[in-house]
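Look at the two complexes coming up: subunit A is in both, with subunit B in one and subunit C in the other.
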Partner chain A sequence: MNKKLWGYILKRVLLGILTYLLVVTVTFWVMQLVPGGPWTREKALSEVTIEILNKRYGLDQPLFIQYLRYLGRAIIFDFGVSYKHKGVEVTKIIFDAFRISLSVGICAAFLALIVGVALGTYAATHQNKFFDRFIMVVTTASVAVPSFVISLVLLYIFAVNLHWVPTSPVGIKGITPFILPVIAASLYPTAYITRLTRSSTLDVLGQDFMRTAKAKGLAPRRILIKHGLRNSITPVVTYFGPMFASIITGSLVIETVFQLPGVGTHFIDSMTNRDYPLIMGTTCLLALLLIFFTLVSDVTYILVNPRVDFD
Partner chain B sequence: MKRNPLSFQIDTDKFSFASENEKRSTNLMRPNSTFFVDGLKRFVKNPVAMVSFIFIFLLVIAVFIVPLFYPYKYDEIICYRYTNRASGDFLRLAPFAYAPKELEAMANGTKVFPHIFGTDGQGHDYFIRILVGSRTSLIVGFFAAVIVLIIGGTIGALSGYIGGKFDLIVMRIVDVVYSLPDILIIILFSTTLAAVFDAYKESPLAKLGSGFVAIFVVFALLYWVGMARLVRGQVLNLRKQEFVMAARANGASTARIVFKHLVPNSMSVIIISAALQIPSAIFTESFLSYLGLGVKYPTPSLGSLVSDAQSYVSGGDTPKLFLFIIPSVLICLIVLSLNLLGDGLRDAFDPKLQK
Partner chain C sequence: MKFRKNSLFVATSTLVLALTACGGNNSSKSSGNNQEAKALTVCLASEPDSLDPALNSAVDGATMLVHLDSGLYRYQKKGDKLELTYDLAEKIEKATAEVIDHEPDGDNWKEVKYSNGTRYTVKLREGIKWSDGSAIKADDFIYSWNRASGSSLGGDYCYMFEQIADGVAHENDDAKFPSLAMKKVDDRTFTFDVMVDVPFMDQLLAFPTYFPVQKATVDANDTADNGKWATDPKTYISCGAYKMEAWEHNSSITLVKNPNYWDAANIKLDKITFALSDNDNAMLASYKSGQYQMIDSVPNDQIDALKEAYKNEFVIAGQMGTYYISFNVNSAVFTKAADEAARAKVRKALGLFIDREYIVKEIGKAGQIPANAFVSAGLSDPAGGEFVDHNGPKRDGAGYYNKGETDAAYDANVAEGINLLKEVGYNYDANSKKFTDFPAFKYLYNTNSGHQAIAENVRDTLARYGITVTLENQDWSTFLQTRKQGNYDVARNGWVADYDDPSSYLTMWTTVSGNNDCQFGKGAHKDAAIYEADLNNNGQIDANEKNLTWAQSYDVLMANAAKETNAAKRFQILHAAEDVLMSTGAICPIYYYTDIYMLKSNVEGFFSSPLGYKFFMYCDVK
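Now for the complex of A and B:
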């Protein structure tokens, strides 16, 4: 069993590394489609300068050699220097921005987890009552709301109209600028987790061991938490990977709307500026993050649910 | 004829042919019903799915027919109907409001068609832009689903049917592609395609917009894997079923087995899964257009319309908020009703869910 588990983890790690290398490969070759080289500027550089620059950055080599080099540097997260922010390494820009994005993302994930599991359990134990119906309608509807719409609505209500939080985080210390982005980013995962918890709790409530626990005379609260929640939370663990994917995707626009200088904002900026090293670097690192979270979520699922068989 | 009750004489009346009426009364079977008709009956009984269906149906009719005879065009700047110079009077008119020049024309007896949703920041009629924007979104969703269905279906069916090494290799590729982060790759593609199109401005693809093409490219490259897995699973599952073996034992040809047994049994699951791709594609398209990577001006899409209107939201310009609210609500309604419609179809037509 244990050997099997390690085998599975090893397999998944290898698949993850392969996927990362594939993303790097796709990024490299897709970027080769871009017409004009990195030295195409409004003011044309002299041929000698271009030759020197090419030599310095290894661009005089055949494409395949360049590709292998890029691959090698991508393994140690070296994505070169940004075009726009002169002389600053892409990795440094991204890691600086990561602090902001990661704190928003983790807060949103925790919020979604706590609120989602609580709402889902409550809805399941009060099945077909008004509150349950209400939650189901709201969660169904909120899955269809794009993150940019919800961000703009939150911004309008709480920042522009009520002035509870500042509209722009510039020059403001503390957590107030992060409140709305966290709520906006957590909305979709909360809705999803609520539905997931509700259906799995309903499943668990019908199980024999729940009846046994009740027959033993345990308090309803204890049954629900000790016997129910443990089992009903397992499917939620599988959602960790997709949840981080949706939070990262959402953060691309959410950070832009709330003007937070996170990875998302840099990514969008790099696209408007056509800052290719930054685009490539952000894509690869975000991809790596996603791969990592999916891996962790899949392995956790097996750890908390020993009945699952490996495939 | 009067007869002796103890006689063995046969009553010939009892041996006459049964009348049509009598025949019918012995028929306990209800009229034949096909799988499709059964599903349709279940679907019609589902009010949520029906409402969604009617909404989408009316919307499709509206977005494809109304622009044909609507007096304004989606890329027409209204003020040039009245003056040769650009005029600020025609910008951001409230719904059913008229610009001074239009009032003048009306006073002179010319008929001016009202701007049902007002006009936008560039002076276009907003109603037609909303219609054409919705059309763009629906077209993207539909074609993305078709692409996924064709590519994923073919590869999945082949993989399940051929099996062996081919299946193994295809499934490993599927595993890897499945773990690729889709949105990042889409953004990457649309950024590069934007640069490529800038170099070839005249090509017809460039006129569609880079994000538009990127979505299709990415759906073709990435999203087929889910469909391929599904179809392969269906094929593998069905091939083992007893009724297929029975058909083969009865001497049915491969073609008959495929078309009479495999296709009808797997079709509903596959079509429903393809239908559920539509809202996700619409979602992705609106996301990209919001970021400015989708359709190119003057072609509108719901995402780009929201993006154009967002400055009124962050600026707190309440009277102009309708420019943001209308496309936002439409995206939500379209995605929501397509989701509910897909769920309704699944409940009605997926044989595995039938209780």
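Now for the complex of A and C:
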């Protein structure tokens, strides 16, 4: 069993490396297709200046040479300096920003997991009662309302009007500026996990083994936690990995509204600015995290549910 | 069970609150209970690209730089006026001298002598120091200007040194021409030569690209790439009223008073924190909560409400900038117009239909001024007043369009537009009051709700006259490329001055300019010999000044203006150049920009310049 598991992980790691290289390749060539370049300015640069900048950053080389160089850099995760943020290394930009997104993301992801599983289980065990209906309405709304609306509403109520938390982290020490972003970032996954847990718990509750456990006279809470939850949490585990990777790489909307210097903003800005090294850096980061957490999620899935076959 | 109940309560109460409340924003308790004495937190824009004076090209970056660094001149407010006074310079003298410049000659460079050139002699103040306590010397200026203007650095604003002899040669090949025409006399004195003594030289000397940087610091840090020294407070050695205390990238930049600045005694504010954000809604929330004391941008849809609610804090200031529509003169769309002269009429007619008053009042909403010329309001004229006071064919300030500020004036514009299109041969149906055969064309703009609103207005306005416009938006970088390459029919455009001189506007339309989006003098337009220009500068069009091409008219006027030393004559040429430009109809001005910002009423001593720079150093927080 263990040997089989390690073999599976090795296979997935190799596949992950291949996926990563594929992402680098696709990103590089797509970047070349997009019109406009890093030196396009409203007040145009002279041809001489553009020539010098192209030479400095190796953009005067044939595309295939540029591609090979990018590939080499992506492997060692060194993307050079940003074209836009002059003199700043891409790895530093990403590292600084990722620390913020990671902190907010971890808190939001676990808040979503705990609250989502709790609410989902509660709703399932109280099916069609008031709280179940209420939770379903609220979670549907949380999924449907765009996050910038929710973020702005939270900002205006708790920061601007009530002054419970600051509106931005500028000049503020401590964790207070991060409370609202964590809540805002957790709303969608909370709602999603609640609904997943509810429906899978409802499935599990109807299973024969649950009836057997009940017939044996086990306490309802014990049945639910020991026999029910372990089974009903399987779809949540599958969802959690990719969700975790996406939530810790930040959200443009939440970072913009709460003025957090996270990594989400760089995804969009680097594209707008045609900042090739930063585009590559952010894309590679997201790809690596997605690959890693999907693997973690799949392995956890197997550990939680030993019946799952490796093939 | 207890935990489950609690978590349920917290989660549901949060959600209920979030979903039932609708963003009440009635808090105007405002100002700074939590702010330190003599400190301000302000928000202008997002992270600047660079705070290396030689690499910055943004207005918000320039505002930070006028606090961190200093040049030979600085802006100060005297009464209601802004004045340029000496900063690091003690004295700057001018004398006539023979100046040698190197100018392009095919693939080579030729030496050109200017016997009536000007030599500036700059004497620096005694005892001026960098923020690390070391002396600022003449060598620092020579090093910094050569660095900022040289081809090796590749700075956006290297062309700002083209006024200095050898500026163009150095900008193109600093291996062959390693220095501008500058010389050190002693540690406190240096000279530099200019071919023509332009009237805006003092403004250039106050421009951030001309600020000195410390050579030792740059050499030690910029080994791998330029500008690295300016990214970290530890290595940011400055020479201005402030020094950098902290830079939380993408979040904030904190400046504290520099005790080594020569005029530190008169700097009132101890600390400035620049919050870095470009989201209007987030900025406004922080302003309303009292966390920020000044914001440089507000959501467009809230302008009316804010003007009303914050009467003493909502400010509309003038800015040197023009929002306009540019036509590609080589676009094949208006083919029924047989030649360039007829096409100019078509473009002019379309410009007459635009309802500037509506756009300013209902879309812009920020006090913008309807425009009837290309060079913006706010630029000075040696004849007194502003350049716009003397524009238009009659030099009476009437411009090149009626602004259409009243219904009757707008109707007259429309009638003139209809007549022009009829003259060209388009078929006008008097019953439907629409043209029946005007070709549909595309209006290009960059993705942005404000530009979109104007584009939609233009489309709807022209539709009233039977003219079909389809809208196309592109992301910023793609849009710039499309426009610069001339792959468009009609596009939104805008220009903000770098300094208070019309050349900052008009130079961009010469044939070789990289900003010649209208494609004047290129392609088919190169041969269109239809322009007339007062090349002799005698106030009239002589026989030999008619039927000129773009290169023979506009390019010559701009070259003449660059050489003219007499301010009055120079401005006559610049006005004549604007006449030629506007005769093409390819520039359809919409409005002159304004600069809107909000500033807490307890902050005194703040001022801004029409170039958009904000000055906080003399602020007092009551």
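Following the convention adopted for this analysis, the second predicted complex is superposed on the first by the 258 of 311 C-alpha atoms of A that agree within 3 Å, B and C clash if a C-alpha of one lies under 4 Å from a C-alpha of the other, contacts with A are read in each partner's own complex, and residues count from 1 in each chain.
We adopt the following convention: a contact is a pair of C-beta atoms (placed from the backbone, for glycine too) under 8 Å apart; a residue touches a chain by one contact, two chains touch by 3 or more.
Just so it is clear, the model here is predicted, and its values are computed rather than measured.
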Partner chain in contact with A:46 - subunit B first, subunit C second, else both or neither: second
Touched partner set for A:273, first subunit B, second subunit C, both or neither: second
Contacts of A:156 with subunit B and subunit C, given as first, second, both or neither: both
Partner chain(s) touched by A:88 [first = subunit B, second = subunit C, both, neither]: second
Which of subunit B and subunit C A:185 touches, first, second, both or neither: neither
Which superposed partner A:97 touches (first subunit B, second subunit C, both, neither): second
First, second, both or neither for A:140, with subunit B first and subunit C second: first
Contact breadth on subunit A, by residue count: subunit C or subunit B: C
Which superposed partner A:124 touches (first subunit B, second subunit C, both, neither): neither
Which of subunit B and subunit C A:23 touches, first, second, both or neither: first
Those residues of subunit A which subunit B touches in one complex and subunit C touches in the other: 34-36, 141, 145, 152-153, 155-156, 160-161, 167, 256-257, 272, 274
Residues of subunit A defined as touching subunit C within the complex: 34-37, 40-49, 52-53, 56, 81, 84-88, 93, 96-97, 114-115, 118-119, 122, 131, 134-135, 138, 141-142, 145, 150, 152-157, 159-161, 163, 166-171, 183, 187, 190, 256-261, 265, 272-274
Residue numbers on subunit B that touch subunit A, as the complex places them: 175-176, 179-181, 183-185, 187-189, 191-193, 195-196, 198-199, 279, 283, 286-287, 290-293, 303, 306-307, 310, 313-316, 321, 324, 328, 331-333, 335-336, 339-340
Sites on subunit C touched by subunit A in the complex: 3-4, 7-8, 11-12, 14-19, 21-27, 41, 47, 49-50, 52, 55, 57, 151-152, 154-156, 158-159, 171-173, 222, 224-231, 248-252, 273, 275-277, 279, 281-282, 285-286, 288-289, 291-292, 475-482, 484, 494, 513-515
Subunit A - residues contacting subunit B, complex: 15-16, 18-19, 22-23, 26-27, 30-31, 33-36, 140-141, 143-149, 152-153, 155-156, 160-161, 167, 245, 248-249, 252-253, 256-257, 267-268, 271-272, 274, 279, 283, 286-287, 290-291, 294
